[in-house]
Amino acid sequence: MSIVAALGHGPGNGPAPAPVRRARGGAYLLLAPGLAYLGLFFVVPVVALLATSLYVPVPGGDVGQFQPAFEWANYTRALATYWPQMVRSFAYALIATLAALVIAYPMAYVIAVRARGRVFLQGMLLVLVIAPFFTSFILRTVAWKQILADESFVVAAMRAVSLLPPDGRLTATSFAVVAGLTYNFLPFMTLPIYASLERLDPRLVEAGADLYANGPTTFWRVTLPLSMPGVVSGTLLTFIPASGDYVNSVLLGNNTTTMIGQVVDSRFFKVSDYPTAAALSVVLMVAILLLVTAYVRRSGTEELL
Amino acid sequence: MAALGDPAAATRAPGDEEGGARSGADLTLEHVTKEFGAFTAVDDLELTIPSGSFFALLGPSGCGKTTTLRMVAGLEHPTSGRVLIGGRDVTRTRAHERPVNTVFQSYALFPHLSVVENVAFGLRRRRAPDPLGKARDALELVELPHLADRRPAQLSGGQQQRVALARAIVNNPAVLLLDEPLGALDLKLRRQMQVELKRIQTEVGLTFVHVTHDQEEAMTMADTVAVMNAGRIEQMGSPAELYELPRTAFVANFLGQSNLLRGTVVENGAATLGVDVDGRRVRVPTARSVSTTGTVLVGVRPEKLHLLRAGDQAPESCNVLGPGRVTDVSFSGVSTQYQVHVPGLGTLGVFVQNILGGAGAALGEEVHLACAIKHTFALDGAEDATSGAVRLDARDV
Amino acid sequence: MSAPTARVGVGPVGPGPASGPRVPTTRRQGRPWRLGDAVVPLFAALAFLYLLVPIAYTVAFSFNDAGRSNLVWRGFTLANWANPCGAPQVCEALGNSLKVGVIATVVSTALGTLIALALVRYRFRGRALANLLVFLPMSTPEVVLGAALLAQFLSLRVNPGFGTVVAAHVMFCISFVVVTVKARVASLDPRLEEAAADLYSSPWQAFWRVTFPLLVPGILAAALLAFSLSFDDFIITNFNSGSFTTFPKFVYVSATRGIPPQANVIGSAMFALALLLVVSVQLVSVARRRRR
């Protein structure tokens, strides 16, 4: 499974560890082109981003003209203005991640455990999970926007059974934004969990049952702990992109659901306020790196890659 | 060899253009040492394996036998010392430059190639004429010609093992290395393959070097066995020689079982030694003693001990021990194994062949133990009497 | 050690009992049926529904006789499918996306495969750093990657366009390629290369005759992943494309005015194509396994 292989980290339980080779320069030769590329188009840009975040406007210059400086106040100003969007982004991403976990786990469990041995069924269910990858995610998000639109039958039905007040709506709410985020990253949650459940030896579950654990206890004590690597990579693959996303909040939200990515985008393109946009990006990146490091430490999956 | 055609016409390994027939070249290791960091895997090894022999390197896991094999194959390089094949120094050459082929423990068959292409792989690399024809002949030799077009994944373990063997033999190597080749097979298949391997070796006449931790396997197949321990060869010889006259406690315990009793030499005769074992006098042939003064370990194999029940006569020229009490009896059909506790000496194992049938000594019965003087041997008393013995908590790999 | 051999022949998208011992199904035979047995599958079925509703909607509205706005159902037509390039710019954007996707896939797959080989097969000074450098782009939100690249292009006074988009896509695809290929390299039995060396292959021959053929499924999977990531990327593209338009960008920009049904046609066609490909690979691998 292509994407499973990509997302399901964890030790590939191959036959034996590869022999440790003395690097006769071979390793560096293999690494050089790729790492040079990442240096040029990842490390240098991040440094450029850091530099830009400290720029000041050229005195008397046009909009969008800046000069190098060490204006640390850019950070305090940016955070003072946009902390609500920052906090909201993390809150939305967190809720979406938890929701995706709750939805994805049973899906992954059914595919990996219940369908085990039925090759065709398992394959087809996996195809369904990755099916969203085959249509543009923007098209799908627009589809949600229209499904949940005020004039749609979903809203009409919910109003009819009083799930929504007569003037209640689904689009342009934070609920819609979080639902969109959950939806969009669901496959990224499902596939790694599937991969780790698939690797799980069913005999371990049988051993659990043999040692007098009932179904739920076996699940809590054996299955779930053993699938933790998949849960960890799934939550990361959901949380990280979700916190920076702005497509969902633009298409499904309103001006009270603005997320930080949206601010960065508009600071760059609408008002050419590059230093603020850069400062907010740096804060987002650092915050996520800190969160991820703490999370990975806590969950004990040090070897992430 | 008929299946493979004329060995002299077989293709030559790279670096063997001078054209000598390579089948069965001598293999010599001179002062070979291999260190991994602070750990010495192989310690100053001296070894010559004559051409055409079936040689076994026997030892527990971690004794350095596999490292030795890999150094011969060229997959590891010695820290110091030389490796010579047919008199040629190959120490500095790499695996693909050596006229040596290996049957790997896990077979290492290429999963993306058919069986016949696996076998032809080495021939193709050396641009030998008619690689597929030769590969099919080699499959004939291992009795698998009908599976030539299958993939390795479609074969059973025993079949994969034979393909791995054919893939190595088809190259007509100077030395064929076998790295625990039967380890992954079940017991019955292993027995069958032991016979098969021996037949093939006799048929092709190559030098086989076989690495194993299974003493029975080594003794069944090899002409010469070297017992390795902690990077060194403890003793080398024919299987019977090693079994009947072990020279160290490790060999005595690792190759079969031994009862080793600590004693002091009190009488140093030309033919026999008199050894005091906990106040009893035991005689050991001088020629069968590693050490003839001071403390020694007197050894006797369990099947060489006789149980003397009340009223039984001790045979001629025997050492008699006891009395002791039978503490365990386990009947296995062809023989019965007794544990006899002799105060002052500890517990001794005794195998009694089930020749007469009927009941033997009972649990708790008081017996004496007798053993022909010519069957006893003596080891250096400074050795640990339990060295090389099976322990329950030790890994059996 | 025949576990890895069993994997060969399973295509890049085969479901494959990727690893681990093959064991009987866990269908609990002869056990009384319990309500709990149905709850989890039922919940999963609902989740699948959730996953597929917008796709069905997208496909359905590709047949909408929409006129200007494709918001409400106006009746069935095949006109959009007959003329998928009917709306302005749709096919140009699609062509751009395909071009970017192919180039980014080829370059990132080549670079990433080399890194993966080095990381699994060698222990060298700076290995942890190399791992970190591969991991960081994956753990950085797209908006930051987009902003950083734009900051660099601005300071170098490079005009954003086709070139900058390709450069950006290669960058974020590399890490995913590395992770995918690494898994495959790690699952290879290192003794296969030793066996090749033992059978007179030079290291170069051993790589091309043994290692590479066995890596092909992993490399194909990585390429497929890279292409789908590139093809579907919006945020990084939006930052670094200037006036250059890709398909996702086209859809996003026209979302406010109403998306032409032709975009749904293209989305649905891509979906059908990919589905067809995956399902046929699936069927082939199932058939192959049955034959064994």
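Lettered A, B and C in written order, each chain numbered from 1.
The definition used in the following text is that contacts are C-beta pairs under 8 Å (C-beta built on N, C-alpha and C of every residue); 3 or more make two chains touch, one makes a residue touch a chain.
In this text the structure is predicted, and so the values were computed from the model without any measurement.
Undergrad: Which chains make contact with subunit A and with subunit C at once?
TA: Intersection of subunit A and subunit C contact lists gives nothing.
Undergrad: By CA centroids, point me to the most central chain in this structure.
TA: Looking at where each chain's C-alpha mean falls, the closest to the middle is C.
Undergrad: Once every inter-chain C-beta contact is counted, which two chains account for the most?
TA: After tallying contacts for each pair, the winner is A-C.
Undergrad: From the C-alpha centre of subunit A to that of subunit C, how far is it in Å?
TA: Chain centres of subunit A and subunit C, defined by C-alpha means, are spaced 16 Å apart.
Undergrad: Mind checking the centre-to-centre distance between subunit A and subunit B? Centres are C-alpha means, answer in whole Å.
TA: 58
Undergrad: With chain centres taken as the means of their Cα atoms, state the distance from subunit B to subunit C in Å.
TA: 53
Undergrad: Could you tell me which residues belong to subunit C and also touch two or more other chains?
TA: Residue numbers touching two or more other chains: 1, 4, 189, 191, 194.
Undergrad: At least two partner chains per residue is the criterion; list those residues in subunit B.
TA: Residues 106 of subunit B touch two or more partner chains.
Undergrad: Which subunit A residues sit where two or more other chains touch them?
TA: 15 - these are the residues of subunit A that touch more than one other chain.
Undergrad: Could you list, by residue number, the parts of subunit B that touch subunit C in their complex?
TA: Those residues of subunit B that touch subunit C are 13-14, 73-75, 94-96, 100-102, 104, 106-112, 121-122, 125-126, 151-154, 157, 160, 167-168, 171, 184.
Undergrad: Considering only the defined contacts, which subunit C positions touch subunit A in the complex?
TA: Residue positions touching the partner: 1, 3-4, 12-21, 23-27, 36, 40-41, 43-44, 47-48, 50-55, 57-58, 61, 71-72, 111-112, 114-115, 117-125, 127, 130-131, 133-145, 147-152, 154-155, 167-168, 170-171, 174, 176, 178-180, 182-191, 194, 218, 220-222, 224-225, 228, 232, 234-235, 238-239, 247-248, 251-252, 255, 259, 263-264, 267-268, 270-271, 273-275, 278-279, 282, 285-286, 289.
Undergrad: What residues on subunit C touch subunit B, complex-wise?
TA: These residues of subunit C touch subunit B: 1-2, 4-9, 189, 191-192, 194-202, 205-206, 209-210, 213-214, 292.
Undergrad: Which residues of subunit A touch subunit C once you look at their complex with the stated criterion?
TA: Residues 1-9, 11-21, 23, 26-28, 30-31, 33-35, 37-39, 41-46, 48-49, 51-52, 103-104, 106-107, 109-111, 113-114, 116-120, 122-147, 149, 151, 183, 186-187, 195, 198-203, 205, 215, 236, 240-241, 243-247, 251, 260-261, 264-265, 268, 274, 277-278, 281-282, 284-285, 288-289, 292, 304-305.
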